[in-house]
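In the two assemblies presented below, chain A is common to both, partnered first by chain B and then by chain C.
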Partner chain A sequence: MGANSLYGPLDPAPDAGYVDAPPRMGFFTDTSVCIGCKACEVACKEWNGVPDDGFNLLGHSYDNTGGLSANSWRAVAFIEQPAVVPAGPVDALAEAAAGRSDALAEAGCGGAGTTREPEFLGMPGTDLPGRTPDAPRTDFRWLMMSNVCKHCTHAGCLDVCPTGALFRTEFGTVVVQEDVCNGCGYCIPACPYGVIDQRKDDGRAWKCTLCYDRIGDGLTPACAQACPTQSIQYGELDELRARAAERVEKLKDQGARLYGHDPDDGVGGDGAFFLLLDEPEVYGLPPDPIVATRDLPAMWKRAGLAGLAMAAAVAVSFLGGRR
Partner chain B sequence: MAEAHPVGFQYVVEAKNRGAKIIHVDPRFTRTSALADEFVAVRAGADIAFLGGVINYILSNEKDFREYVVAYTNASMLVSEEFQDTEDLDGLFSGYDTELNVYDQTSWQYAGQRAEGQEEDEAHADRETASGLEQESHGPPIPADVPRDLTLRDPRCVYQILKRHYARYTPEVVEQVCGVPQDAFLSVCEAWTSNSGRERTTALVYSVGWTQHSVGVQYIRTGAIIQLLLGNMGRPGGGVMALRGHASIQGSTDIPTLFNLLPGYLPMPHHQQHETFRDWVDAIRNPEQKGFWANAEAYAVSLLKAYWGDAATEDNDWGYGWLPRLTGDHGTYQQVLDMIDGKIKGYFLLGQNPAVGSAHGKAQRLGMANLDWLVVRDLFMIESATFWKDGPEVATGEIIPAECRTEVFFMPAASHAEKEGTFTQTQRMLQWREKAVDPPGDCRSELWFFYHLGRRLRERLAGSTLDRDQGLLNLTWDYPLHGDEPSGEDVLREINGYTTADRELVPGFASLKADGSTACGCWIYSGVFKDGVNQAARRKPGREQDWVAREWGWAWPADRRTLYNRASADPEGRPWSERKKYVWWDPDKGEWTGYDVPDFEKNKPPSYRPPEGATGVAAISGDDAFIMQGDGKGWLYAPSGLIDGPLPTHYEPVESAVANPLYGQQANPTRKRYDRADNPMNPSQSAVYPYVFSTSRLTEHHTAGGMSRQLAYLSELQPEMFVEVSPQLAAERGLEHLGWATIVTARAAIEARVMVTDRLRPLRIDGRVVHQLWLPYHWGNEGLVTGDSANDLIGITLDPNVLIQESKVGTCDIRPGRRPTGPALIAFVNDYRKRADGSQ
Partner chain C sequence: MKDRPMVPRADFRSYYGRPIVRPAVWHHDIAAYLFTGGLAAGSAMLAAGGDATGRPALRRAGRVTALGALVASTYFLVNDLGRPERFHHMLRVAKPTSPMSMGTWILSGFGAFAGAAAVAEAAPLLPRPLGRLLGPVGTAGQYAAAVTAPALATYTAVLLADTATPSWHAAYPELPFVFAGSALASGAGVGLIAAPPRESAPARRMAVLGAAMELYGAHRVETSKGILSEPYTQGRPGKLLRAGRTLTALGTAGALLGRRSRVVSALSGAALLAASLATRFGIFEGGIASAEDPKYTVVPQRERLAQRQQQHKQG
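Presenting the complex of A and B:
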C-alpha cells in the first residue's frame, strides 16, 4: 500500500495492484448542454436491468427521480432559478409582481422574496437552490444536471467494504459485485456524495458500474451512448480533463466551473466529474466532499500512540505497584 | 424542440457550441428555452401578429434580399384593381360571403385574370374537402403571363400590397398583441435578417403544434413569406421545416392516410367536381398552366394501373369509375360527429388513440360508443379500445357498458422494430428500416393485416357482379408471400413503378406514361428503387461523403435534398456566393450542376424564355425557380388556393381572452365550425373562462401515451397529470404547489396536480394582464400511470384549408381542488356553461 493510498492524488488501478492497467476511464458531464431528456436514466435502467423507482410526482420541477438511489444510477436534477431582478414583461406587471414572493410562499414553493433583503438567522436555508438573491441574474434560468456515481480516486465505499464486494476495476472505476455483497450497509454512510444505496427488497447495495460489462468490450456506457447532446462524455480521464478545461474556459462568463476534476480535492478527484453553471450546492452536490477514510492513518497513528501511552501508564502503574 | 425532439436538438446544441445564437419564442419556458441564449415569451395564438411584425420590419427597413425577391417571388406581379385588403375592410378581404362564410376569390387574382378566380360555392366545397392539402407538392392553378412591375413601385404590385398589409404590425403593436417587449422582438428581427442574404441563410424550424390553429395554414404561410423575402428558400441552410409528431408523418401524407388525397397528392375524386376521368385529370394538370403538373395524366394513369393492372384499360378510363368519390367533409372530426349521429357503422383505428389524443375527447368516445364495430390495432390496450367499460363517460353514466352497442375487435400490432419498411422524415427523405426481431405472439404488421384483410374480403365477394364490388375484385392483389407475410420491398418496388409489359422498374417519374404502359404506386416516390436497388436503404456515413450526404437514404422527388434549389443560384445561374454555393449553371457543358440534383431541367439555360403561348414544362422560364408553381414564382401573395385570404392576417383564436386589437373581425371568418349542442365553444373574453391555456408534449411521454404510459421506465419519470401555472396565477386562484386543481371549459372539467413555476409568466396584452397555463396531454385512464386527459378540454373548430383542429390554444377557468365525480361532473360543467352564456 503506497503512502497516498487513502488520500491525495494517485492513479487508482495500479495502486490497487493492476499491472499494465489500461488508462483510467470516466465521465465528464457537461451540464451546460444538458437538455434534461433523461435518456441517460432510461438507457441505464434498460442496460443494467435496474427496477423502476416508483411513480411519485415530487414537485421538484421535472425531477421525479429524486436523486441517486439503489434503483436510479443516473438522476437528472432540474433547478429553476427565477430572475433576481424581475425582467421583461413581468416589469410591466407591478400589481402582479408585488404578490410574487407571497405567491411562491403560499404555493409551498419555499420561495424567497426576490425583492426582500436576505436576513441571516443562523438556520440552514429552506429556500430551493438558486432562489437565494445572492447571485444577481437578469434572466430566469433552468439548470439541468445528470448526476451519477463519482468513481472516486479514494472511494470510501470500497475502503469500508468488509466482504470485498466493492472492488476497483482495471479502468479505475468502482463496482459492486452483487453476488458477493452481504447487505451490511457500511458503504452507505461512507460515501461522501450519498450515492450508494441499499435496495429495500433485497438489502444489497447498488450503484453505477460505469457499465463495467460494456467498457471491457470497448463499448460506451449506456447513458453516454444515449445522450443526444454529448452532455455525458465517456473516455480516458486525462483526455476528458483536458477537454473540460477548454470548455470551462469558453464558458467562464456564464459562471462555468468544474466539480470533481481536481486530484487534490478531498477524494483525490472523481472518475466522473462535472461542468456546473452554479455552486455545487445548487445541484445538491456537497461543496467539499472528503473521503471518510482520509483521516484513517492519522487516527490509527493516534490510536497507536494512545495505546502506547496506555500501555506505558499501565506499565508505570505496575511498576509503581511494586514499590 | 429539445422537449419533443431531443435527438434532433443535438444539432442546435452543436450550432450553439460553434457560436450560433439560439432564440426561443414560446408561450412557456421549456427545455429548449433552457438552452437558448434568449427566451421570448409570447401569447399563445398570436404568432401571425409576431411574424407579421417581422415582415413589417423587413419591408420598412428594406432588409429583403431584393434581387432574389424580384427574380424568384411574385413580388412584382400586379394584382387586380378590385382587390381590397383587410386594411380597407376592418379584417376582411374583398369578396366575403356572409351566408356561406367563404370568399368569392375573384378579386384576389392577378391583374387581367379575372375569370380564373374561385367562387363561393367552389371555395365552400374546397373547405369541405380540405383541398389545400393537395398543394403540398404544387401550387394551385394560376395562369402564366401576369403583368409585372420589376421596380416594385406600382401600388398594385404584390410587394406594395404586402407592405401596406403589414404596415400596422409595428413593434408597439407586437408588444400590445403578443406581450413581447419591443427590444426582445427587435432582437429577433435583427438576428433573422442579419443571418440571411447572399452569404448567409436561416432555417425556420417549427413543430406541428404551430399548425393546430384555426389559422394554422396561415401561420406557416407567414413564416414562408419571411423566408422568401430574405432569400432563404431553395438554398442550403434555409427552408421551412416541420418537426413532426411521429416518425413518418411526412410519409403519411405522401402516401396518405387522409380522406381527400391519393398517393403523390393526387386529389381523391369529388362526385361533382370530377365526374369523369378527364375532369379529374384536367383539374390536376390545368392544361393552360405552366409547370411540371402538366404531366399529371401520366402519374394518374400509372397509379390506376398499379391499383387495377390489366383490368385498367383506356376503354374503362383506367378503372376511374372504381375509385371512391368524395361527397363532402369526411375528415376525422366530421366522422366522429357522424358516429354520434349514427351515420357511421364501423371504424378502424391503426396506431391512433383518439379517446386521448384528439380534440374533444368526450365526442370521440361517445362517437366510438355508437358504432356497430370498431377495430383497434395497437401495441397495448389503449383508451380507444376500453372507453366502453373504463372511460370517463362510464363514471358519469353517459356510457353504460352493458348497453354500449359497439363491438370492439382488438388486434395486437407489431412495433417498428418488428417489421420492415420505410420512414419518411421532414426533409422528404425515405429511410429503410430492417426488421430486428419477430413480433411477439399474435402481433402482426400493418402490411400483414391489410394484405390478409383484402384477401379475405375478395374471397368473400368472389363472383359478385355488383358494381360496387368490382373495384375490390379487380385490384392487383398478387403480393408474393414470405411465410404469410408480404414483403415490404415488393411494395416499395410497386411504389417505384414499373413497365406493365415486362415489369422493368422505371428510373423515375419522368419515365411514367399516360398510355397505360407504366404502373406506379406513388409518382413522387418513383426512383426509390432505381436500378433495382433499394435506394432508401443506403447508409453511407456522412463522414465518408460530401456535406449534402446524398448516399444516405433517398429523398423525393428524384433524390433532391433541397427543393427548388434553382434558387440557390442567381438569375444568370451563378451561385449567390461562394459560401452558399449549391446548384449552378455550367455554361461550358450547357447544364445545371452542383452538390444536389438540380431541381430544374438539366439543359435549360438561365436565359431561356418561353415562346408565346407555351404551356407545361416548356413555359417555365430559365429563371422560374419554383417550377411546380403555376407562375414559376414563390408566393408572397396567394392569388388563389387559400380559403381564408391571400395574406396571413392576425385573427384571435376562437376562444380568446381579448378582443382582436388589430381589426373588428375577431376570429378567422372562414374557419370550419361545427355548431352543435355537443360541441359548445367558450364565448371569447368571457369572465367565466378568463385564462388562456395551451397543451403540448413532455420529453418523457409520447403523444396520447399509448406507447409510454405502459412502460415503467418512462412512467416513473412523469407519473402524474399536472398543470403548470405562474406564481401570480397561483396566488390569484389560491392554488397550492402539488395540490389539486380543476380546469374547466365548456366541454369538460379535468383535474390535475398543480406545478407552480416561474417558467410561466403573465403577459400584458392590450392593456390588461393575461394569465396563461399549460397542460401536457399524455394521460388517460389506462396504463401504469393514469390521469385526466387535457384534450377533453378542447372543442372542435378547424382551419378551413386543411381541416386541422385548433388545439393549441383555448380559454378556461382553473380552481383549487379536485373535480366532481359521477353525474355531478356534468352538472358542474353545465353550470359553468350557463353562467358563461348568461353573462354574454
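Presenting the complex of A and C:
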C-alpha cells in the first residue's frame, strides 16, 4: 500500500497492482451542451442489457428516471430555473459575423448579453418572436445533466466490498463482477454519490462499468457513442481534464464550474467528472464528497480503544469482591 | 473581516428533495445482528470471567448464550444477503479496508472458539474419554473467545461508520463505545438472569460499567454532532434511543439495589437486554434517516466548504 492508498492524489491502476497499465480512461460530461435527449440512457440500457426502472411519472420536470440506480446507469437530470434574459435580444447570427463564436451558447444559456442595439438585417432571428428591447420577457433556463458513476480514485464501494466482487480495472475504472457479488449491500451506503444500488429482484449490486467490455476493445462506451452533442466525452483522463479546463474558462461568465476534476478533492478526483452551471446539489450531487475510508485508521483506533476499555471493565468486574 | 462562528444554513438546495447518498438496503436483520453480536461478545467475556473466578453458573450461562447468539447472528447475516446461497463468497478474501471482511473473519474465529466452549458444557453427558478431552478444549476455546470478543463487539461500529451515511460516519469516534458498553450490559444481563445472588456480583459491576460507557457514548452521539445528531433525537430512532436509555437506567438501578432478590435481578437483566436491543435499533434507524434526507448530506458539506474557504482566505 502506498502513502495515498486511502486518500489523496493517486493513479489508481498502478496502485492496484497493474504493471504497465494503460492510461486512465474516463468521462467528461459537459452539461452546457446537454439537450436532455436521453440517448445515453437508452444506449446504456441496450448495450448492457439493463432492465427497466419502472415507468413512473415523477413530476420532476422531464426526469422520470429519478436518478442513478441498479437499473439506470446513466440518468439525465432536468432542472427548470427562472432566468432573467438580457435586456436586448441577442442576434446570434450577427454575433457570429462579428467573430464571437460563443454567442450561440450564450444566447441559449441566458448568460451575459450585449449592450449593443440590435440592427435588423432582414434575416430570421434566433430570439423569441415578439420580444423587443422595450418589452423583455422573463425566461427560464433548463439545466440538464447526464449523471453517471464517478469511478472515483478512492472508491468507497470498492474499499468496503467484502467479497472482492468490486475491482479496479487496468483503465482505473471500478467494476462489479456479477458472478462474485453476494448482495451484502455494503457498497450501497458506502458510495458518497449514492450511485451503486441493489437490484431488488436479483439481490446483487449493479452500476456503470464504463463499458468495460467495449473499452477493452478500443470502442467508446455506449453512452458517449450515442451522445449527439458530445456532452458526454470519453477519453484519457488527462486529456479530458485539459479540455475541461479550457471549456470552463470559456463559460465562466455563465457560472460554469468543474465538478470532480480535482485530484485533491475528498475522493482523489473522479474518473467521470462534470462541467456544471449551478451548485452540485442542484443536480443531486454532494457538494463536498469524501470517501469514508479516509477515516478508517482513526475508526479502528477508536474501536481498539473501546475494545480495551471493554476488557478492562470485565477485568475490574471480576477482580472486585464478592458483593 | 470579523471572525464569526459558522451558523448552519437553515436553507439548502437539492434536486427535488431527493436523497443524495443512498440509505443502506439492509433490513432489520442487521440491526438485530448488532444486538446478537454484542450479546455473544458480552456473554463470552462473562463466561471467561466466571470460569476464572470459580463461578460455574456464570460460565455455563455465558458459554451457552454466546453460542446461541452466535447462531442467531449467523442466521441474520446470511438472511440479509441479496444472494444468501453465496454467503461463502465472504471467505474469498481478507480485506483490511473492508470492515465487513474483517468482521467476517472475527466472527468466524469467535464462532469456532465459542462453539468449542459451549459444546464442552455437554462434556458430563458424554462418554468419559471424550468428555475428558472436551473439557480443556472448551476452556481454551472460552478464553480465546473472550480475547476475540472485544473485536466482535466493536467492529460493527466501524462497519456502520465507514459509510457515507452522514450520521453514522459523523459518530465514528463514539460509536465503538456505545456498542462496547451495550455488549457489556447485555452480557451482564445474561449473568443477572442466570446466576444466583452469590455468583452475580461481577455481573452487577459489569452492568454498571457497560451502562456508563453506553450512556456516555450515546450522549455524545446525540448532542455533539450538530445537525447530524438530529436524526438520533427525532421520530422512531429518537424514541428507541430514549427507551434504551431509560431501560439501561432501570436495569442498572435494579442490578445495584436488588442484589438480594433473584426476581429483581432477573428483571434488571431483562431490562439491560431490552435496552441493548433498543439502542442498536435506534442507532441503525437514525443513520438510515440521515441518508434519506438530503439536508444531512448538503448542509454539513457546505459548512465544511465554507470553513475551508475561510481558512484559505486567512492562510
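Basically, the second predicted complex is superposed on the first by the 242 of 323 C-alpha atoms of A that agree within 3 Å, B and C clash if a C-alpha of one lies under 4 Å from a C-alpha of the other, contacts with A are read in each partner's own complex, and residues count from 1 in each chain.
Note that in this section a residue touches a chain if its C-beta (ideal position, glycine included) is under 8 Å from a C-beta of that chain, and two chains touch if they have at least 3 such contacts.
Note that the coordinates shown come from a computational prediction; the quantities given were computed from them, not determined experimentally.
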Item checked: chain B versus chain C as contact partner of A:G185, first or second or both or neither -> second
Next item on the list: Pick one for A:A311: touches chain B only (first), chain C only (second), both, or neither.
Entry: second
Checklist line | Partner touching more residues of chain A, whether chain B or chain C | finding: C
Note to self: I'd like to know which partner A:Q230 touches here: chain B for first, chain C for second, both or neither.
What the structure shows: first
Notebook entry, point to check: Once the shared chain is lined up, is A:P287 touching chain B (first), chain C (second), both, or neither of them?
Noted result: second
Next item on the list: Considering only touches as defined above, state whether A:G203 meets chain B (first), chain C (second), both or neither.
Entry: second
Next item on the list: Using the touch definition from the top, say if A:D139 reaches chain B (first), chain C (second), both or neither.
Entry: first
Notebook entry, point to check: Now for A:Y18: first (chain B), second (chain C), both, or neither, which partner does it touch?
Noted result: neither
Check: Now for A:F167: first (chain B), second (chain C), both, or neither, which partner does it touch?
Finding: neither
Next item on the list: Enumerate the residues of chain A that count as touching chain B in its complex and touching chain C in the other.
Entry: none
Next item on the list: Spell out the part of chain B that touches chain A in their complex, as residue ranges.
Entry: 2, 6-7, 9-10, 13, 16-17, 29, 31-35, 39, 41, 179-181, 184, 698-700, 712-720, 722, 727-728, 730-732, 734-739, 753-759, 761-764, 769, 784-785
Next item on the list: Show which residues of chain C lie in contact with chain A when the two form their complex.
Entry: 12-16, 18-26, 41, 45-46, 48-50, 52-53, 80-84, 86-87, 89-90, 92-93, 95, 97-101, 104, 146, 149-151, 153-155, 157-159, 161-165, 168-169, 172-177, 179-180, 183-184, 188, 198, 201-203, 205-206, 209-210, 213, 259, 287, 291, 294, 297-298, 301-302, 304-305
Margin query: Help me check something: in the complex, which residues belonging to chain A touch chain C?
Written below: 6, 58, 60, 63, 66-67, 77, 79, 156, 159-165, 180-186, 188-198, 202-205, 279, 281-289, 292-293, 295-296, 298-300, 302-311, 313-318, 320-323
Item checked: Residue numbers on chain A that touch chain B, as the complex places them -> 33, 35-39, 41-42, 45-46, 51-57, 59, 61-62, 64-65, 80, 82-83, 88-90, 92-93, 95-97, 99-100, 102-104, 106-109, 111, 139-144, 228-230
